[in-house]
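Each chain gets a letter, A, B, C and D, in the order it is written, and its residues are counted from 1.
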């Protein structure tokens, strides 16, 4: 039988320069830190990163509670591994605007709800998303993450933006609990992008805080099906403040 | 200034009724929560992941799995429902979050709103603001009436929009205004100001409702 | 504070002749029986029903296990309360083809996955669904549930059917467990259409097998937010075979 | 006939590998589960609500909350994940269910499939069949090669389609056929039949793969 459990380094071994990766988390809450650390050790470059935001920079507070190191996508930015960031918010981590100013980082902004639906459309085989969000704003007139012009469709008298699905090579996800088959859930407000990203990438890698035996917990806890999960990385810890 | 902001937050809190599900933006909108009547149950949406924000966490009740959309550790009410981003904004887009309370850089007389970007300045991103403005049946703007003497309520927005024709109500220290088909109507005027004062502080023609009341502090 | 708990009769009191209702369940597994019974007692007519199927007829087996009475939507069909059935499967309950032959029942078939997405689009404010399902089949050429012609869109070289959102006046849902605020989940294979229907109708009514106090169970069990739920009907029982 | 169906089911079971996630239709496709090798782990999708069907339930293990898509009470494997219809068919449409095994009324040489309706007869509905055929990377048809002597593998389908160009493989009692760009290729022929037999039983021109093997029973 297939064994999905491995080290974080093994789980990111297939990531290559120039790939597109998705990373779960919201201002790093719910981000898979052991996988970010493993990517830094591997030293891949020129990544396109799809995430809600750029995580946190070293010493930067999440609210009032300071972190000593960069967190989440912030680790990749700190190490200049990202060429293009596709996100809904880029104002918190100062590395982002620094690297934009230096000309080393390109960004594409996508409204948060639209970002989630574009990723879901990729995971679930839909041809795109029709959303009222962004109509009559720069979202309508600016090209999308691949430089494509957007269409506006009028449906029963209301305008909708037509947004394309968003795919990736890898999705890096942080469950709170997963079983050894890969069924998982994320506790409380750590769900954010961790659910829709599973299945939107060619390879789905999870780094659970806790790994349980199959059948150990009530299956109705699980939010995402283990059939979508290719690798389960060990070593993720509960965040310490 | 702090007093004026409290005045605005207190007045805004009166907009809500028992059972409402609402979203409060960062800053002045967050202050509204402090003035919600205790005899009604209002559920506040935290777009990063749950319905039912309670208050800022302290050392005794901090859970690292619960932040608000500003990244602050907060607590959740016992009836809280946690969700992922797709569900969170599904609730928003579907019109299930009845109202969102937000600040504004500019509001136009047709309800257009600009509150997310100033060209040439550092880019922060819209986060969930565009979804909230496009999706919520009511968009309530709470803000000081002017910015360093400059008009913020205008005939037309000069900044890139967050959403078009979305604002339903504007609450400032000077009064309460409704955005209607034919323009902005003052429905409450604060006793400290005259009609002429509020018109002078506004960049488009104001209409005064025949039933206009005094904006009460308590 | 608002009290959502009431009898099934109170919960369906607002349903009027000619309304469109959604009913959760798959061959009646996961259907809210107390609400169907209350609708029968109320005797509303000319309903449009959106459901996976027509439930079960009296004496008809669900698999090998016979039921003595009609189940789920089958109760409404048995009492000739339905004018139009929008479903993915109409072959199990014999009442459907009987009433079609008599000319008293109209039907619209929608592929199961498309049906779920059309309902979700209504609940979540999307302008429609772009699905590869049904391309080059009668789904492409036949009008939709409201008689509208369907469009085919070619997106990046692949064809998709454009399907419209599906709204209702009432959604009748059967959770296994709900709290008194209306947060709920459905155990195991009773989820089916019970999750997407919440929020797609003007009024969402649930009939939980078990009602618990707020805070009594881990919130990460809940799949649907109580903010979507208007009424909680008492009296639903675990199905007895 | 039962023997022929078992032959088909047994051969089909060899199509799967460790870790596969597949969907087995009602009838002959369901029989495939009985022949899956025990040393590999294949997860079977039940489109009504879970990944991980085990077997038909009996009085000792029956749970009224677990049916399959035919309405039969079944059991679930310990690694089962239960889901709602949106998630179930999201997995299907997204290509995550690697293969679906279905019966057919007609298959065309370009892979078109008709298996859901016969005009003029009672309507049952497509249920999840159209989604499965449009979404799964592999659609494997298992069926008796002909229906009362009539061809089922045709140049063009005469019945309304379930999906176009979706069938990748056809397994019958006579052999195993792959649907390729240029038509249907026989890759295995059962020893009971000749090339002429299988061609005569088929309504379109068959191609015989240079590496064609004997269809083995075990």
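One rule holds in what follows: a contact is a pair of C-beta atoms (placed from the backbone, for glycine too) under 8 Å apart; a residue touches a chain by one contact, two chains touch by 3 or more.
Everything quoted here is computed from the prediction, not taken from an experiment.
Undergrad: Going only through chains that touch each other, how many steps at minimum separate chain B from chain C?
TA: Contact-graph shortest path, chain B to chain C, evaluates to 1.
Undergrad: For the chain pairs A-D and C-D, which is connected through the larger number of C-beta pairs in contact?
TA: C-D
Undergrad: Roughly how far is chain C from chain D, going centre to centre by Cα mean, in whole Å?
TA: 29
Undergrad: Please compute the C-alpha centroid of chain A, do the same for chain C, then give the distance between them in whole Å.
TA: Chain centres of chain A and chain C, defined by C-alpha means, are spaced 33 Å apart.
Undergrad: Averaged over CA atoms, how far is the centre of chain B from the centre of chain D? Could you give it in whole Å?
TA: Centre-to-centre distance between chain B and chain D: 55 Å.
Undergrad: Need the CA-centroid distance for the pair chain A / chain D, whole Å please.
TA: So the centroids are 36 Å from each other.
Undergrad: Which residues of chain D are in contact with two or more other chains?
TA: Residues 76, 82-83, 89-90, 92-93, 135 of chain D touch two or more partner chains.
Undergrad: At which residue positions does chain C touch at least two other chains?
TA: Those would be 117, 120, 125-126, 131-132, 187-188, 219-220.
Undergrad: Judged by the touch rule stated earlier, which pairs of chains are there in contact?
TA: Listed by label, chains in contact pair as A-B, A-C, A-D, B-C, C-D.
Undergrad: For the complex, which residues does chain D have touching chain C?
TA: Touch residues, chain D against chain C: 46-50, 56, 62-73, 76, 82-86, 88-90, 92-93, 112, 117, 122-131, 134-135, 160-164.
Undergrad: Where on chain C is chain A touching in the complex?
TA: Residues 117, 125-132, 153, 155-156, 158, 160, 164, 185, 187-188, 219-221 of chain C touch chain A in their complex.
Undergrad: Spell out the part of chain C that touches chain B in their complex, as residue ranges.
TA: Within the complex, chain C touches chain B at residues 1-2, 120, 122-126, 179, 181, 183, 199, 214-215, 219-220, 222, 224-228.
Undergrad: Using the touch definition up top, name the residues of chain D that touch chain A in the complex.
TA: Touch residues, chain D against chain A: 18-19, 21, 40-41, 43, 51, 76, 78-83, 87, 89-96, 135.
Undergrad: Under the stated contact criterion, what part of chain A meets chain B in this complex?
TA: Per the stated touch rule, the residues are 26-27, 29-30, 52-53, 56, 61-65, 87-92, 97, 100, 107, 109, 111-117, 120, 131-139, 176, 186-196, 223, 238-241.
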